[in-house]
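My structure is below; once you've seen it, I'll send some questions.
Letters are used for the chains, namely A, B, C, D, E, F, G and H, taken in the order the chains are written, and counting of residues starts over at 1 for each.
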Amino acid sequence: MSEKKPGWKSLPIGGYLLESGSAMKYKTGDWRAFKPIIDQKKCINCLLCWIYCPDSAIIRLEKYVDVNYDYCKGCGICANECPVKCITMVEEER
Amino acid sequence: MLIEVRWHGRGGQGIVTVSRLLAQAALLDGKYVQAFPEFGPERRGAPVTGYTRISDKPIFVHSQIYNPNIVVVVDPTLIGRVNVAAGLAPKGFIVANSERRPEELEGILGVKDAKVYVVNAMKIALDVLGRPIYNTAMLGALLKAAPLTTMDSLIKVISERFPGAVGEKNIAVIKRAYEEAVGVE
Amino acid sequence: MVRLQDLPTEELFTSGHRLCAGCGAGTIMRMTMKALRGPTVVVNATGCVEVASTIYPYTSWKVSWVHIAFENTAAVASGIEAAYKVLRRKGLWNKDVDVIAIAGDGGTFDIGIQALSGALERGHDFLYICYDNEAYMNTGIQRSGATPHGAATTTSPAGRKIPGKPEFKKDLIGICVAHGIEYAATASPAYWNDYITKVRKALEVNGPAVIHVLAPCPVGMRFDPSKSIEFARLAVQTRYWPVYEVERGKYKLNIKVPQPKPLLEFLKMQGRFTHLFQPEAQRELGELQRWVDENWRRITALCGETT
Amino acid sequence: MGRVMGLTGNEAIAYAVKQCNVDVVAAYPITPQTIMVEVISEYVYNGEMDAEFVCVESEHSALSACIGASLTGARVFTATASQGLALMHEMLYIASGLRCPIVMGVANRALSAPLNIHGDHSDMMGSRDCGWIQIYAENSQEAYDWVIQAFKIAEDHRVLLPVSVNIDGFILSHSMERVEVLEDWEVSKFLPPRKPLITIDPTKPITVGALCLPDYYFEMKFQQIQALKESFKVISEVNAEYETLAERKYGFLETYAMDDAEAAIICLGSTAGTAKAVAADLRSKGKKVGVIKPWVYRPFPEEELVKALGDVKALAVLDKACSFGAPFNALCSDVITTLYRYGKDLNVFNCLHGLGGRDITPSDLKIIFDEALEVAKTGKKGYVKYIGVRE
Amino acid sequence: MGRVMGLTGNEAIAYAVKQCNVDVVAAYPITPQTIMVEVISEYVYNGEMDAEFVCVESEHSALSACIGASLTGARVFTATASQGLALMHEMLYIASGLRCPIVMGVANRALSAPLNIHGDHSDMMGSRDCGWIQIYAENSQEAYDWVIQAFKIAEDHRVLLPVSVNIDGFILSHSMERVEVLEDWEVSKFLPPRKPLITIDPTKPITVGALCLPDYYFEMKFQQIQALKESFKVISEVNAEYETLAERKYGFLETYAMDDAEAAIICLGSTAGTAKAVAADLRSKGKKVGVIKPWVYRPFPEEELVKALGDVKALAVLDKACSFGAPFNALCSDVITTLYRYGKDLNVFNCLHGLGGRDITPSDLKIIFDEALEVAKTGKKGYVKYIGVRE
Amino acid sequence: MVRLQDLPTEELFTSGHRLCAGCGAGTIMRMTMKALRGPTVVVNATGCVEVASTIYPYTSWKVSWVHIAFENTAAVASGIEAAYKVLRRKGLWNKDVDVIAIAGDGGTFDIGIQALSGALERGHDFLYICYDNEAYMNTGIQRSGATPHGAATTTSPAGRKIPGKPEFKKDLIGICVAHGIEYAATASPAYWNDYITKVRKALEVNGPAVIHVLAPCPVGMRFDPSKSIEFARLAVQTRYWPVYEVERGKYKLNIKVPQPKPLLEFLKMQGRFTHLFQPEAQRELGELQRWVDENWRRITALCGETT
Amino acid sequence: MSEKKPGWKSLPIGGYLLESGSAMKYKTGDWRAFKPIIDQKKCINCLLCWIYCPDSAIIRLEKYVDVNYDYCKGCGICANECPVKCITMVEEER
Amino acid sequence: MLIEVRWHGRGGQGIVTVSRLLAQAALLDGKYVQAFPEFGPERRGAPVTGYTRISDKPIFVHSQIYNPNIVVVVDPTLIGRVNVAAGLAPKGFIVANSERRPEELEGILGVKDAKVYVVNAMKIALDVLGRPIYNTAMLGALLKAAPLTTMDSLIKVISERFPGAVGEKNIAVIKRAYEEAVGVE
């Protein structure tokens, strides 16, 4: 509301978005009420959480996975699907 | 006088419902009202807002609310993440669901001119309803902060909207929130 | 056979979309993008995925993506496919382009079925993916032709006179197969391997292909967001959602379910069926159960399976 | 005073539909109308309303089913918005051409592209020639009242035309307000079951929808033109009867503070409310401004408008839909041409506002009033302004 | 002089489309446009035209496919009429909103109900707000010439809007006339392959059709308004270039015998031809009458109209579509509002004619001219006449 | 079993219509009217039958007849059926009304398939009859989804580059059966007994029923008007047009064709196929023949017949 | 063209046709270039011509059939279908 | 001068075609033309009409033709069933396909002011084409009655429209019809 948005002269016509993947600028992390915490020692890097996460918030690392809290909405799918139960959902601070 | 209230919460937390419950209660008091959601395609989990207008006289204005007199924060996790105090009118109120003390919150929100009220709606909801549904509790806290309606009207509206046990529990929630809400000026 | 390790890490459907937490359609979009084989244009019908992924000025798409309207996805895809065909012929364009149409069940079973039927008949080379969350979720959970019998939606509420949707779910794949297309399949995101394999297979087809994938929707079906994939798995394991494919008219069951879990387990996890467990709704529940059984029997028979 | 309820525009219309004892509702969901349909289906599924709710697969089929149903003599309602109304476009003309007294609730919303779910009037304005009677409500109360009157107007044998009752998307459709409602029996008395003029009763077979060649078509269209003229009388009668019942006065348009106004705003729907509030404020500061709000947009109430204008010197016409490439936008064209017909000289300028739900605020309106007051002096006129567009 | 062919309006348009080297044609048959599509499919099936002819299953899909195709950068044509145009209504707005330079041939026909397959303008007029550039041709020659120019106008980066070229159903669509055509190479030189501004080239991915909320939508619409304004310049340029090529002069409107006219008729399409013939006759009898025929209806050429009117005292505006319930019909509203903007005083009356293909004869037009001459004296104005309706 | 002597002499579809001389659709309309069981409303899509039977101020119909548009016949029928249902419930109407929707192949296979699909899904009690003359005849013989492969129409002409329609005929009954309706059937007017029996049977069904009847069109298919019925018989006898019915999903072949006549005999009588007999079009002809064989095989297999 | 047709005041609204079967007033007999002649002695009254005639132009009589030349368009279906070939098509007078 | 021609025939007899062929030929002569069908949904077999306008100057009029200068009757069975002479302009022509003599026809048609020409197009067509296609023959007869175009132009148009043997046969038809057509004044 505060920042001035571009006007008709500078906006591309037709409502086209010329920058693909720009939604990365829109952080959905603040939607989260619960937060997945990964016990990386237990993680077997099966990547199931990675493939199932609707928000691409699981980061593939060499030996285990990590969470990108900028986008994780805290749905808990990862925790639910983890075969070794190494992800726990903890309530966000408030 | 026209009072404008803004509600902050998340998609799925009953923000529209509570904005309307307040208006319904005010209707019983013979007031004129408007209650409307933020007009967007926001989804469950996303921060959303709702609005209530209450007045003694017919309300003609149909524009958005930019400078609410009162802001109610239903979801505690929004504090610090969303600028809930944005546009708050001079001498406005903020009523928040929080475990903190009002003074502490005042600091976090960085508001000067506003009165801050606080209630631990989470605890009340879990205690009484057994589920993390905070919206009705905030009605009680709001009533404590500002007499926009009466407890009687609230009770009536709640028992109509939620007949039976659910209603009774919610009434209990409201009453307790009214009791427990504390504010600083 | 797909290995997760081999899938690209790049996300062509990025974070920052505004699908609900736990939205199965989000998972499906990601998986779909991981199955691409080259330059791709996605045509998306109005619906949850479209609305939540492209709120100006943000877009989650890193492929070319087009949304025109709700009911015409297949027609738009037709036009794009035809255009690249002639532009190539004229030497004005020099790449193979995969055209993927993506629509919800509303945009497919109901308001979009004509555009789809026409495009299938004309034989355009494109892949049509229907992500089926079994109602119009974007507009707030209204019934669609894909909503199962008995389910409560906002236009087929669990009423005192009528307890949920009276009609039964349309057979989308049956309809598509009747169009004589080369490839059609169902899928569930819980079975990521099966799904990604199917998308790749379907892209290889020269002509129209259709994939009908179950899309868990915690909001509309009313279950806990963390259970999305569990839901999608249970749907298969209870035989509610047979996973099969049809190649040149030949049916094949991809996931056998010799010992099905009880359907009730699946229904009970979903708020939209709560009312069916009231004594008054015994008949509806029975009818739904019968439909599931009969559907499984019919499909497996077509697949030449004996169960 | 009637019973007080807190209802959104959508709910108010659905409630009225229930009380009107409608027989068939065929509709398709679309934001921001959806809740109209949802509430109605709840009534039906709960047995509170004995109607067939035909949950069609598209808006084209919605209105098609309504036309079929209406021809049987049933009372019929539908609802839509935006893309849905656009998809019905073909059927809109057929409904009026076949003289089906269908009532439709429209939660006005912008048309794609780009996609936008918010309120403006481009949907209905884009089909304004379709031969329907078109009503715009300012708030939930008016929406409720007009739906009940709409059936009575539509079904009158001197009219037999469909009626659309328009509410601003979200601003009205989703805003809960205080609504005084009638009791069911009051509505039933005011609006008895439909008495159709001709039906497709298969025991007295007729043919509906024949091909009319150049030798007959124009006459049928002229009948429609005449029916719209007749509807002026009928609308007045219905308004009068409704007033005795509900103690709320309706007409073709509402005037606010117009008596000695020097400058005025004319606009449709909810914007008029905000304009009235601003006018009241300006009046209190001694500025002679007023507001005209047509309720009935089609047929356009020319005579009443001219009367309402009185001695006003300048008029800002607020349009909430763009007539691309036309000299002025729709309402403004209607106003200017009316002035022409009545030989009335007045300084008019056109303000395009609110497209895609861009909010129009009291301060926007204040600026417009001020400009109108200015124009009353300078005599500048005939231009179009765009309210709130960023350069 | 170009090569002479005998072509109906439909054939002339199809021939132009072939010469314009169109890439994709998606269309659906409907009387009286059908032959346009048939001739094009013949070209394609015979290999005389290298295009994809997408024979869709409905008009809604026709325009949808065209929009998709246009976004790839292809040159795209479609054609329709009446119910088909009405069924496209939703997509018309989307095509312009997404700035797709599609050209569409419309063989104007009445809208149902009652069903009628004959020519009037209710189809295009019923969608006149849709943001397209809208052209009306008087005969096959003009239809041919305008289609070629239409692509050049539409695809100009200052415009990027769709264009409809309208011909009167049957009267032009099915009437063979003398047409001078250009050679293929001449057309190719005039109209090189399309150079798109932005495409959906998947190797440089973009997003088209995002949801624009109230914070952006109005700006997009304003861009469209601006593009229509820009199109005035582009149309003029294209007309000029075409004139050097074809030795036929076009502009926003044609005037006939207007120089010292006291009374005039303004109308669109084929009626203008008959009016010119009658005017010539009346002129030979010393009556000072003239004719104005807008070629470009959207954007409405206000300035040019005012210039063309000169010192005329009375103007009969002939509309061939009914704006039910509006003060005047569409063209007449545009004329009156233009006069208002330019502060020009003139006695205008409106003649609704030709609905559903009712023939308008030289004697009808003579009567109208006579009435206009009368009005030039009496100053009577602001009324609507219905030409040839039986009581 | 119907006896011609027992059929009513009254014509509910009267003389004075302006269908072409020899129009098979005219014969079909008459037969249909002879099969009625009570008060009936006919809903007719735009097309030859509609246009030619109701040119103002004349109508050939002696039942209540409604035409609204081209693409929405099934939707209009839905509305009428729903209205009589509620009017009866409310005591405002007291008769059973049969609602019959009649549309050509264009109005059914293409532009009307969505309205049809929706109405079938909702389960309205009506009979839908598609008279299939295999092209848009009313507007001058354009291709439809029902036009057979290779046939020349005005939008799929026998061109030098493309010799007639490249695509194959849609399987309407397959699509309808996939909607799970109780009754669907094909018919040929040459077999009047079979057709009239089917109309009567379909009317008895409680819910939607579909009949797909071949409509000889001497003008569009280009044969001598006197051969209309001969054409309709030959279509069956060459196995081009299998006559079967599907009750609750069960297929039954109604007319067995143990010794088929040569397809070429059927094709040769029709001007629309002339070009297929040019040497260049050998492939097209072969494809058409193959399609007919395969279609017969598929249908008879579904019927459990071995041929 | 010559006879005056009714005007808007007297026509039923909506283009409704209130008289069912009025097309009987429109005689299509003059479309006919060939005319079916029935040899009623040979006719076995099988009614096949009757059921197949698109124009309801065959009249069912007690023992044989007859042609209603007011409507018969001369298509020749009856002659073609007659199992005993008792119908012949003869050219119309001109 | 503007000449208006009306053609009478039946759906399927090539009435539109012949109305256009005449116009095409006139185009070759440098004339301005219009050729259009009766605008209706008439079917094969039904009586239909077509129209041709020919002029030295551009034709602006786009209304229907009510008073043709010439009427051509392509289908002989229409004579006596359809009022082919309706609206015929003063000093008009009627050119008919008939086995009768022109005087006889004059009586049947009941025309006084008009010249009647007759040709037995049926015979010519069956003789030359072997099929009952009468439309082109009438072009020849029309040319005899009124020089609206030239034989050369007609031949050119026909051979363009029908390349090869078909065209040649039709040219023969036209020539013979031109020879055989007879009229009374």
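The rule is simple: contacts are C-beta pairs under 8 Å (C-beta built on N, C-alpha and C of every residue); 3 or more make two chains touch, one makes a residue touch a chain.
This one's a predicted model, so the numbers in the text were calculated from it and none came from an experiment.
A.B. asks: Can you list every chain that touches subunit C and also touches subunit G?
C.D. replies: D, E, F
A.B. asks: Find the chain most remote from subunit B, comparing centres computed as mean CA coordinates.
C.D. replies: H
A.B. asks: Counting only C-beta pairs in contact, which chains form the busiest pair?
C.D. replies: Counting C-beta pairs in contact for each chain pair, the top pair is D-E.
A.B. asks: Between subunit A and subunit D, what is the gap in Å from one C-alpha centre to the other?
C.D. replies: Averaging C-alpha atoms per chain gives centres 45 Å apart.
A.B. asks: Roughly how many whole angstrom separate the Cα centroids of subunit A and subunit H?
C.D. replies: The answer is 79 Å.
A.B. asks: Counting only Cα atoms for the centres, state how far subunit B is from subunit F in Å.
C.D. replies: Roughly 63 Å, centre to centre.
A.B. asks: Averaging over Cα atoms per chain, report the distance between subunit F and subunit H in Å.
C.D. replies: 40
A.B. asks: Which residues of subunit C are in contact with two or more other chains?
C.D. replies: 18-21, 23, 51, 54-59, 61-64, 67-69, 71, 109-111, 113-114, 117-118, 121-122, 138, 145, 218, 225
A.B. asks: Could you check subunit E for residues that touch two or more other chains and list them?
C.D. replies: Where subunit E meets two or more other chains at a single residue, that happens at 55, 57-58, 60, 83, 87, 90, 94, 97-98, 112-115, 117-118, 205-216, 219-220, 222, 357, 359, 389-390.
A.B. asks: What residues in subunit G touch two or more of the other chains?
C.D. replies: 5-8, 14-15, 17, 20, 28, 31-32, 73-75
A.B. asks: Spell out the part of subunit C that touches subunit B in their complex, as residue ranges.
C.D. replies: So the residues of subunit C touching subunit B come out as 18-21, 23, 51-52, 55, 138, 218-219, 225.
A.B. asks: List the residues on subunit D that touch subunit F in their complex, please.
C.D. replies: 23-24, 26, 50-52, 54-58, 60-62, 64-74, 76, 90-91, 94, 98, 193, 200-213, 215-216
A.B. asks: Contact residues on subunit G for subunit H in the complex?
C.D. replies: Listed in rising order, the residues of subunit G that touch subunit H are 1-2, 28, 30-33, 73-75, 92-94.
A.B. asks: Help me check something: in the complex, which residues belonging to subunit B touch subunit D?
C.D. replies: So the residues of subunit B in touch with subunit D come to 20, 23-24, 27, 31-37, 39, 41, 59-64, 66.
A.B. asks: With touch defined as at the start, can you tell me which subunit E residues reach subunit G in the complex?
C.D. replies: Listed in rising order, the residues of subunit E that touch subunit G are 113-114, 389-391.
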